[in-house]
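Presented sequentially are two complexes of chain A, the first with chain B as partner and the second with chain C.
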Partner chain A sequence: MNRISKSQLAALMLIGDVFALCCLHGRICLMTAIGFAAGSLIQLFLALPLARLCDRGKTPADCGRAVRVLLLVCVLAWGGALFAMLREASSVIYIPYERSGLFGRLAVAGLVALVCVYVSSSGIKALARSAVIAAGLGALCVATVVVSAAIQSDADNVLRPAGSSLWRELMRGFAASGGLGSFTVLLGFIADDRTDTAALYFTCKAVLSFVILFTAAVVTGGIMDVLEFPVVSAAQLSQPFPVQRTDSLFLVVFSVFAVYTVAVQASAAEYLAALTIPRLKRFRCTLALVIMAALGAVMPAPSEWTELSAAAVLAALLIVPAEAMLKGGVRRRERA
Partner chain B sequence: MKGLRFVPALMAAGLLTGCASDGNVSDKSYLRAAVIGADSVTMSFFSEEDEPVTVSADSPEEARSAAELSGGKKIFTGYTELVILDGCDSADTLGFMLNEWKVSPSCIVACPRGSGAELLSTRTAEELEGAVRVAQEQELLGRCDIVTVLGGLLGRDGAAEVPELSRDGYVGKKSIQ
Partner chain C sequence: MTRNEREKLPICSGLRDNIAMIKELSGGSSDVLVNEFTTGGIDCALICCEGMMSSQTAAEMILSPITGIAPQGSAAALFSYIQTELLLSTDRPEARDYDTLFRLLNSGFAVLIAEGADRALAFGVQGYASRGIQEPSGEGNIMGSHEGFTETVRTNMSMIRRRLKSPELVMELSVKGERSRTDICLCYMRDRVPKRLLDRIRRSLADIQLESVLSTGYIRPFLEKRSFELFSSAGVTERPDVLCSKLIEGRAAVLIDGVPYAITVPRLLCESFHTLDDYAYKPYYAVFGRWLRYGAFIIAVLLPAVYTAIVMHHPELLNSTLLMLLADAEKNAPLPILAESLIVLLMYEMIREAGIRLPKPVGGAVSIISGLIIGDAAVKSGLVSTPLLTMTALAVLGGLVVPDLAPQVTVLRLGFLIAGGIMGVFGISLLACAVLTNICATEDYGFPFTAPLSPFSAAGTGDTAVRLGMRRMLRRGFTVEAYHEQDK
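Moving on to the complex of A and B:
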């Protein structure tokens, strides 16, 4: 079985989280940053039973068929949501062929899927190793934008009221965390202590979410009404280089993160499909990508089904410990 | 057979090189400054070969299309340094500039004293921008970049302060709504 380290898993998952933040739709404010960070810490608390179970040797491979099917559905649905988010966010990122109508959009999705097939074919270990490099470059870009925003932007922007509550932002944070289905799967691949891994990942996620959303609120707070994707606009407008926007540089980072995020879902789906449908021996990854792309073409982005997405995330985190608890309860009754 | 694994990567790399994209630098006119009026737009460009052009249009995008037809070159707006608002809807126009024309966030927003089209034909964009920057250095004027001005227009007061320009350069500040 492929084994990955905790930093590799954290890199894989954080890339997906940053991509989901980039595709965040609607107004953001200081409360959004607090809500997402608090949501990440709540997710850590909810993930601890799962991590402890994995430390005791129980992974999704040992779960019942129903649990594996539910996880597979969550992973495929989130993959579809990623394609939907990519489709919507593409309208504000200058992609040369995207403006060519339907052909452009299909070409963008098709290219991402094609590269994902290539990336996923080498296995989760190769994906995880390269993710550390991609995450490092992404962290450098985030740091550049943050420093530039701190120097040039108006800090009063963060205090502008946005008419939002902590509960609403917690829900949005959970809805944007659909990658936790694949986290549940990939935790079984960890060579290190799983509890430490969960603590590392969710802590980094809380800090990163707060920093990115806070920076976006500072840069775009005054013009939020005319922006659809404030995090994307913040990256484009922070202007670390004089005179010109950083659209091209941002496009490269955005594309790489899109590929990694989808590839992680495809790899997790491939693994679950191998366990759940043993008769399906070939083209599991390609089939998973086709299903995700098809779902992405028809489903709306998660911002339009926040509660359902948040519920799916909770289910993905809690289903394995819930099944273990039920099975343990049944065995105790049988012994009694 | 293992070599086939590299085929998708090579294809993707070929598609992503941008070789089939937007052509040479000399095929485009690079917009430096624009005067947006209620029913006309005046544009001046970085290259001295591209003369300032005034077109009648109800929107900046119509104006761009008309100017491209007139000049015979596509107009790239990403380097725009100065936007002069001369009777148009300020917030809508600046929002359009930021989202559709993708102008630089440091693009200066100003208003004319008199006719904006005449102003751009008598003074160069470089001179007008220079006047604004000197006024800022002398602390006669605060920030007047497009993000700051648009933020003021969309804020609680619905107003923002911009420099007022004439053929004498910077002549004062004006509040726009």
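Moving on to the complex of A and C:
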């Protein structure tokens, strides 16, 4: 079986989280940054039973069919949501031919899907290795944006009231963490200690979410009401050079992250499909991507179904430990 | 009985029959010489291949001592006497079948057969004409040795042995190619090479079923994975000193007779950016040179694509001065910038190809025609803009800094150019994802091609991102096994 390291899994998942943050819809403020960071730490707490179970040798592969199907649905739905987010975010990011009608949109989605088919069919090891390099590139860009934002930012924006509550931001944080379905699946591929892996990933996620959202809040605070995608706009406003714009460089990170985020979902879906539908031997990955792209074409972005998305994330994190607990209880009763 | 089956037949004891069989199997080829004589009271024949052996050595070292042997009772006694009493040559294998006999004969050995002997004695008196040791043409350096491999495998083996006088250096000779019977030598340091790697290379070599082995390209595919890989995971070098450094790091090498290159396994991407001069200069300069090469590779692959993408789709990336300059230069160009870039790049590739294939005296003329006439005329006529030509020239120059990756640079440059021209930075990013994944998927014998970058290995960065001082490098006792990923 192919194994990946904890830093590789963290890179794979963090790329997805940053992409979800880029596509985050609606107002953001200091409370959003706190809510997302706190949400990540709560997710860590919720993921610990799963990690412990995996450490003891129980992976999603050992779960019942119902659990695997539920995870597959979560993964496919989040994949569809990613396509929907890509579609919506492309209204503020310039992608050639994207705005030239249905054909342009189909061509862009098709190209992304095509690259994703190749990337995910190369195997989880190749995907994980390349994700580390892509994450390094992303980290460099985030650092550039943060440094240039520090110059452009307005300190008053930090305390600007946004009419938001911690509970609402926690929910938004959970809703933007749909990749946790694939985290549940990929945790079984980890060669290192799973508890350490979960700790590393969720801690990094909390820090990264806070830094990105805080930066976006202080840069775009004053014009937040007219912005659709504050993180994208913050990157566009935080120009490191005074005489030229670097928006298109941000597009590099955006598209690379989009590909890896979708490819991770496709890989997880392929793995789950292999376990759940053994008769389906070929084109599992392609089929998963076709379903995701089709879902993406019809479904709204996750910002419009926050509660449902948050519930799906909770289910993806807790379903495997819950099943193990139920089975353990039944076994104990049988022994008794 | 087929020819192959007859070749496998054992040598018969009748001299006449043997000579007839040899003549028949060689098809009466004019270069197979049979010298019959009597020595020790027994009829013998010395068979050799003209041009493959040194006539003077054969006359002095074999014919002269052999013809003076006192009468012996039988062919077996004669052969025993020659083997134990006469030191005719240091390399004296025996042949018991025609297949071996012909292999030795065609390798420059003189073969002795005798009436009543069911075997043949061979004497190594090779003396064929071969190119002398010269400076490598493709891997130049300043401070290191100026010797390159030659076409003779044994000379190449001696060049390695001269540099690594350790008994741990092992060279295993074998023969590959049903028709060419090419000598192949597997070299490794017994105490450094990972055992699993060696076993798997041996298995890969054993699987080779070829008619002939005429270049490294015949063997390399058998040492690599079957899946599509942009970059080759088996390296090639024409420098014995570079090969020795790789052997010391625990790699294995394959030398092929008739080819002045050695194949090294495993190969990592970072190796393409290393030169032997890195270890001759101070570390700070070596680090500078290394990063210059990394940058040159990126420029070589991406510069024309990024330029085209910016001019066609993302002009906001340019500052106003640069934008005006480019707009002014491009407004008179009759072709779309993507077509212009493609034409310039393809023109360069044609000129390069012509420079390689043409005879050397004409090569200079090609440079003049391409550089002065085509380049100058294209710009003056307005067919190609000056900024585009500058970008292409920079990209080409970048590619020349890393000659090891020239084929990949050429193809990727064109691929990225098309992606960037059609879809802008978005297209470049998508293609970059696919290429990055392909590079990261390249892995042979459990050694990831992208190590030590991904999977990250701190031990490896001492000679990739930077170049440690020689004392620290030697202290860490690095071998390539540090990069091995177990199939768990």
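The definition used in the following text is that the second predicted complex is superposed on the first by the 336 of 336 C-alpha atoms of A that agree within 3 Å, B and C clash if a C-alpha of one lies under 4 Å from a C-alpha of the other, contacts with A are read in each partner's own complex, and residues count from 1 in each chain.
One rule holds for everything that comes next: a contact is a pair of C-beta atoms (placed from the backbone, for glycine too) under 8 Å apart; a residue touches a chain by one contact, two chains touch by 3 or more.
These figures come from a predicted structure and were not determined experimentally.
Engineer: May I ask you to decide whether A:157 touches chain B, chain C, both, or neither, giving the answer as first, second, both or neither?
Structural biologist: A:157 sits against chain B, while chain C stays out of touch.
Engineer: With both complexes overlaid on chain A, does A:222 touch chain B (first), chain C (second), both or neither?
Structural biologist: After superposition on chain A, A:222 lies in contact with chain B alone.
Engineer: Identify which of chain B and chain C touches the larger number of residues of chain A.
Structural biologist: The larger set of chain A residues in touch belongs to C.
Engineer: In the superposed arrangement, which partner chain does A:326 touch: chain B (first), chain C (second), both, or neither?
Structural biologist: neither
Engineer: Look at A:280 in the shared chain and tell me whether it touches chain B only, chain C only, both, or neither; answer first, second, both or neither.
Structural biologist: So A:280 meets neither chain B nor chain C here.
Engineer: Contacts for A:251 in the overlay, against chain B (first) and chain C (second): which applies, first, second, both or neither?
Structural biologist: In the superposed model, A:251 contacts chain C only, not chain B.
Engineer: When the two structures are overlaid on chain A, which partner does A:191 contact: first (chain B), second (chain C), both, or neither?
Structural biologist: Only chain C; A:191 stays clear of chain B.
Engineer: Name the contact category of A:308: first (chain B only), second (chain C only), both, or neither.
Structural biologist: neither
Engineer: Once the structures are superposed on A, label A:127 by its partner contacts, choosing first (chain B), second (chain C), both or neither.
Structural biologist: Only chain C; A:127 stays clear of chain B.
Engineer: Let me test your reading of the model: by the given contact rule, A:166 touches which partner, first (chain B), second (chain C), both or neither?
Structural biologist: Neither: A:166 stays clear of chain B and chain C.
Engineer: Considering each complex separately, which residues of chain A are in contact with chain B in the first and with chain C in the second?
Structural biologist: Touching chain B in the first complex and chain C in the second, residues 94, 96, 111, 115, 118, 243-245, 247 of chain A appear in both lists.
Engineer: Inside the complex, what are the residues of chain B that reach chain A?
Structural biologist: 5, 8-9, 11-12, 15-16, 18, 21-22, 78-79, 81, 91, 95, 98-99, 102, 104-106, 147-148, 150-152, 154-155
Engineer: Over in the complex, which chain A residues touch chain C? Could you list them?
Structural biologist: Residues in contact with chain C: 1, 3, 5, 7-8, 94-97, 108, 111-112, 115, 118-119, 122-123, 125-127, 129-130, 132-134, 191, 241, 243-249, 251-252, 255-256, 259-260.
Engineer: Touching residues of chain C toward chain A in the complex: what are they?
Structural biologist: Within the complex, chain C contacts chain A at residues 310, 313-314, 316-320, 422-434, 436-441, 443, 448, 450, 453-456, 488.
Engineer: Which of the residues in chain A come into contact with chain B in the complex?
Structural biologist: Within the complex, chain A touches chain B at residues 92, 94, 96, 111, 114-115, 117-118, 121, 154, 157, 160, 221-227, 236-237, 239, 242-245, 247.
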